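Labels run A, B, C and D following the written order; every chain starts at residue 1.
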């Protein structure tokens, strides 16, 4: 397992190459990259920040869960923080497995779950201003539901 | 007792900083702490509705009781990864 | 679109890197590699062969269909022939897309469909003999059903 | 009329080569051609049950009529990609 939060470019090739072992028949890679627009608005760059210690422990827990749940052999999960330009990789997920179905399923579950539960945020800089990106709603088990702050009507 | 509260993302701007110390009565819960911030962000009630809370880097429930020295983090919906 | 059948090592890094464009938010890569065993029997190497012209035109058709069906921006589909050793990449699929769901779905559909319809075969060399790998059954629309050869009972 | 028949994978070994020329009556179909090979592989009936046929590099049906000079390929279930 390789779980990292980095400030520099993610060495995708090197990470993927280092993951392969003889028992693997399939490697599925997800490379999340900074797109040049959000809903048609031109993106200049993104600034990522994290609650770093918690993000790392969440990422480690996700990788362990993916291995247990899908029976894949190994997982790499690397997220970059700081200022990212269009085309930069923000997150790289590599799953190595004997069989392809498990590799795809685990890889997809990892990115979907990371985006909902790992404490990382991004601020998008457009030509005409910056906004914190809308996050995905937390899963129900994470949000303090009746938290006395009004809640949903 | 005293806890440290960390703010992330948009909450840093709302509460004017990355963290602060907060004095609470013994036996206070996560919910009690959230009510303080709800009062401070009264003009933007939606801000606190969707957040999660971590105590010592683990997601916590509203009924969880805080302890002296806890690190409490207020977490807006996360947006890691790419779009 | 990059559709190739090659005899040398597939330059996975270079292909994946060349696929990225500003409009992409997600790149999904499937790297199919020679595993060291099949059902526990130790594999020494695999020999791949193809009905080359037809395989290329089928691969091109699959890539076009994936783009149309899933709305992804670009697809690379590269298969290697000849003798492959354990750990070698036999097939590389790269899908670039604005959104990750489409990238995953297209990538998985491509490998699943390639394995059923693209005329490529492999012979597995074990320590104690060689066999042509069992292929996946052709989709119904491809097999001449009542072909006068006996058919299924 | 004369067509070229190509063999792939296990069929190369079964029929002893990569290709051969076959003389067929005008109007013969893919099915007619398959019957000739079924007769030749009579000891291994399953071999032909699961194959596909391509005519001029396109998958063909059993009722398709062959033309002089066609390239007919007998294709065992394919096994490209990795396992």
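Heads up, the rule we're going with is that contacts are C-beta pairs under 8 Å (C-beta built on N, C-alpha and C of every residue); 3 or more make two chains touch, one makes a residue touch a chain.
Because the structure is predicted, anything quoted here is derived from the model rather than measured.
Of the two chain pairs shown, C-D and B-C, the one joined by more C-beta contacts is C-D.
Computed from the mean C-alpha positions, the centre of chain A lies at a distance of 23 Å from the centre of chain B.
Averaged C-alpha coordinates put the centre of chain B at 71 Å from the centre of chain D. Separating the centre of chain B from that of chain C, both taken as means of CA atoms, is a distance of 49 Å. Each of the following residues of chain D touches two or more other chains: 82-83.
Residue positions 25-26, 32-35, 98, 100, 111 of chain C are each in touch with at least two other chains. Because contacts link the chains in a way that matches no line, ring, star or complete pattern, their graph is best described as other.
The list of touching chain pairs reads A-B, A-C, A-D, B-C, C-D.
Taken together, the chain B residues at the contact with chain A in this complex read 6, 8-10, 30-32, 34-35, 37-38, 45, 48-54, 57-62, 73, 75-83.
Of all residues in chain C, only 25-26, 98-100 touch chain B in the complex they form.
Chain C meets chain D in the complex at residues 32-35, 38, 48-51, 53-55, 57, 79, 90-91, 111, 114-123, 132-138, 141-152. The touching residues of chain A, when paired with chain C in their complex, are 12-13, 16-17, 20, 22-37, 86-87, 98, 100, 103-104, 107-108, 111. Those residues of chain B lying in contact with chain C across their complex are 82-83.
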